[in-house]
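Presented below are the structures under discussion, each in the form of structure tokens.
Two complexes follow with chain A in common, the first pairing it with chain B and the second with chain C.
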Partner chain A sequence: MIDIAGILMENISYVLLITLGGMLISFSVHFVPVGGAPAAMAQATGIGTGTVQLAAGAGLTGLVTAGTVMQVSDNPPLIIAAGAVGAMIMISVTMIVGTWVYVYGVGVPPASAKVKYDPITKDRQDLYVSQGTEGHGLPTVSYVSGVIGGLLGGGGGALVYYSLMSAGMDTGMAMANLVGLASIFAVGIFFVNAVIPSYNIGGTIEGFHDPKFKKWPKAVFSSLIATFMCALVAVLTIGGL
Partner chain B sequence: MSAGGPGGEAHGGVAPGKIIAFGVLGGLIGIYGAHFLSIINPAFSFIGALGAICAIVWGADAVRRVCSYGLGTGVPSIGMIALGMGVIASLFGLAVGGIAGPIVALIAASIIGLVIGLLANKVLGMNIPIMEKSMVEIGGAGALAIVGLSTTMAGTFMFDEVLALVVAPGYIAVIFIAGGMGILHPFNACLGPDEEQDRTLAVGFEKGAIAMIIAGIVSMVISTTAAIPAIMIGVFIWYISFAKFYELTKRDAYKVLGTGLLPTEEELQ
Partner chain C sequence: MEPLIGMGVLALMGAAATVAGASEDLESDVGSQSNPNSQVQLAPQMMYPHRIYNKAISGEPPSNALMCAVGGTVATVLMSAYNMSPVFAIAMGALLAAIVHGTYSVTAFFGRPTSQKRFKQPVYLDILWSHTPVIMGYSYITTFCILVISYLMVAVLGHPFPLPLLAFIWGIAIGAVGSSTGDVHYGAEREFQSVEFGAGLNAANSGNIVRKGESGLRNGFDNSWFCAKFGGPVTGIAFGMVVFLSGWVTTVFDPARGDAIGWLSVIAGALLVLIMILWNRKIEVAARAAYGPYKEDEVAA
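This part shows the complex of A and B:
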């Protein structure tokens, strides 16, 4: 039987860091302009897919960049920054290509239905929203919001991965096994924390200017509890080997 | 995306209790059967994937029941959270549980599922009456699907082998998506006012069979004796369940018409 209390005391700081990472991921989802199925038909503002797919795409890219940097450096801020930049690049590319498709393919101007003026550019929005839709495309404010989401989500994901790797470093586990285990735990924690806020916002959000954004404390609190449990389980598995 | 909008309780078909028993017992018997019979002959490792199919069908039915209420977001999210909880719980279970690993994994996943279900209803205010129960079921099904497919790939559920043969080479990611697809896709594909349980679960069996074929291909790395029965039986189950799904689709459809091929240029003139 493994020494549960001993392992937990030894790795308590990593448990807390993983929980913090999970909360950052949960918070980040509120920034990403997710339109879901209506946006795929250009009937709602945002990227035309679900929260989970977007969070996974950006977050997993963040994990890859964080993992790559972790091979050459063990400096935590650098690793977290690498994860954040990876996720920001991925979400930006997704959003810019999405915008090309909406503007040149579907033929709609990017417009938000939630605000009358774009809070960043001050451009009028409501005139450009087609009748019967909830806006379409990605106005500047949504784009900026999405990049902030990538920053927080990628940073959170990298923090989870870094903590899991650090918790396993001293156990003498083979490197390949540790990387595999830490990655899949990070992915699991990432998905749990991407779905919780997705239920909070009801599947669609335009960005930080959306009224639904104010609901974020509920999701972050839920993620705090859920991630803490997952972190305990993950650290016990990795630290107990 | 508001898939389905506010709905109600799912009706008809086999009672939830029977499907839960089928998933839990079938899953555990399959996993333990594969583990012990593989010692005699590696060819028996395919039984683990049969257990995973039971768990996947159970998960698909639980998704069907909870998503009938309308989640406010896409059905795929619930499949991904199932496998997210499942992968954490199953690796924990296998690491600490030893021979009781799959049972520890099932219990751990159920506890995580219960907490997430409570949070969804009480904190996020989703107000779906069966949310807690369904999250327990979905987490448990995800964990059993992962352990079952891992057992087929590695020939055992002992953590050291699973770690070296399934987790380290990254096949766990394949299990993650294939198992998640099995749990989330059936209801996502069949939802609507004319959804029927038997048709949805036929898709569940079919997706489970695809996961089984993939697990068989991976187990080729370890032993061909183990791979061939898994792939053959997987293809057989896939064919049977796909034929069944097609038959049920024709039963439920108002009319099935062939559109023919696209007209050639001469025919258009």
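This part shows the complex of A and C:
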């Protein structure tokens, strides 16, 4: 028989860390400037893809970097920072190339329709929004917001992976199996927490200056509950094997 | 590992990623997938029937992740259970993934236009016969390159994740990059070449996609030909940069040589991000100066 209470009590700190990681991911998604289908037609500010897709793409790239570092280091802040940097690089590259396409391929200057002045550069925005659109491209404020999203999402994903790996270290499981199981759970928990905020975002968000950003506490609270349940299952599975 | 060998492998991975990125974007152009396909789907409802291959199996990241995970699983089984050579196993994995993708493309193609019968959208069988092999060809190249990247990471760089999972993750990432960059060239420019260059799509023009080609009626090949000049290559550069730069920081500043070096890799990554933020700002300023405002300031006027 598996000693469920014993395993949970032994790993309670990891359950809490996984929950914290999930909440970080959920919070991070609100920073990622996505415009969904309208942005792909230069009809809305942000990147022309879905919320979950981009957040997951960036966060999972961070997970790959965190996996590389965790193999050779047991320093938690370094592992989490590596995950954050991997995700930041992915999202920054995607956004800079997105800017090339908007500026050189479509011929539109980056402009936000949600604010009159860019909060960072103080540039006027509304005059540069072309007719019949809700803005286009990635003004500096959205770009910086996306980088912050990558930082938090990658860091959160790496924290989840680190906690899952640590929970399974003493079980005597073969390393390859542990890594496989922990990484699959980390990817799953990432997706759960990337989907929850999309109900707040509803397809498009420009970044932290967007009025929709203020709704983040609801998503983070939902993620707290969802990730806690996921963490219980994950820790029981990994710790009980 | 010798840093030089690490850098060489990384360069190879970057090159494979660049090819994968370009083929991923062109696959989504010739078959019309992802967000720009919303306009292809909308066109018949606005009374603009067309000859463009209409498939949107799912968002690009899940569909590419499926392809790459199928290919990665087949390759791993062939390598570990049957001791096949990696090149053969990866080629077979990519082939099976391309067949699976082709199957989804056909069912998606039949599903979408037939649901628009009431808007008089025909189902062109010649489009199906001619485009599907091309879609499968592009998906083969994408999957093959992703599997090469994943295999090199596992076998040479010693990454702990299993090959199918790495292939899955890179599949998600390549789909996210492709739908964020190259697809904008297809959606915002190619589909709406009839409107003036230098503006986003006016909501009033939604669904009014260009249906006439350079010769005859426009189809997916024409779109792929146009996007191969800009959208495809930049997607390749983007994904190549993601794979190369995210690996570069930990190869040059290898955390195995101590935590201090590990922190240097973090600082190097953060510096790269800072450079890109400044670069984006420079492009933004140049674009605002070059294209100018669309309307005059009412207060000033």
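The working rule: the second predicted complex is superposed on the first by the 241 of 241 C-alpha atoms of A that agree within 3 Å, B and C clash if a C-alpha of one lies under 4 Å from a C-alpha of the other, contacts with A are read in each partner's own complex, and residues count from 1 in each chain.
Definition applied: a contact is a pair of C-beta atoms (placed from the backbone, for glycine too) under 8 Å apart; a residue touches a chain by one contact, two chains touch by 3 or more.
These numbers were taken from a predicted model, which means no experiment stands behind them.
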Touched partner set for A:G180, first chain B, second chain C, both or neither: both
Partner chain in contact with A:C230 - chain B first, chain C second, else both or neither: first
Which superposed partner A:L24 touches (first chain B, second chain C, both, neither): neither
Touched partner set for A:A219, first chain B, second chain C, both or neither: first
Which superposed partner A:I148 touches (first chain B, second chain C, both, neither): neither
Chain B versus chain C as contact partner of A:A113, first or second or both or neither: neither
Partner chain in contact with A:I196 - chain B first, chain C second, else both or neither: first
First, second, both or neither for A:A58, with chain B first and chain C second: second
Touch count on chain A, higher of chain B and chain C: C
Partner chain(s) touched by A:G188 [first = chain B, second = chain C, both, neither]: first
Set intersection of chain A contacts, chain C complex versus chain B complex: 36-37, 39-40, 50, 53, 56, 176, 179-180, 183-184, 187
Complex contacts: residues of chain C adjacent to chain A: 34-36, 38-39, 59-62, 153, 157-162, 165-166, 168-169, 172-173, 175-177, 179-185, 187-189, 191-192, 197-205, 230-231, 234-235, 237-238, 241-242, 245-247, 249-250, 254-256, 259, 262-263, 265-266, 269-270, 272-273, 276-277, 279-281, 283-284, 286-288, 290-291, 293-297
Complex contact set, residues of chain B against chain A: 1-3, 71-74, 76-78, 80-81, 83-89, 91-92, 95-96, 108, 111-112, 115-116, 119-120, 123-126, 163-164, 167-170, 172-173, 176
Touching residues on chain A, where the partner in the complex is chain C: 36-37, 39-43, 47-50, 53-54, 56-58, 60-61, 63-65, 67-73, 75, 78, 81-82, 85-86, 88-90, 92-110, 121, 123-124, 127-133, 135-140, 143-144, 147, 175-176, 179-180, 183-184, 187
Residues of chain A defined as touching chain B within the complex: 2, 35-40, 50-53, 56, 174, 176-177, 179-181, 183-185, 187-192, 194-196, 198-200, 202-204, 218-219, 221-222, 225-226, 229-230, 233-234, 236-237, 240-241
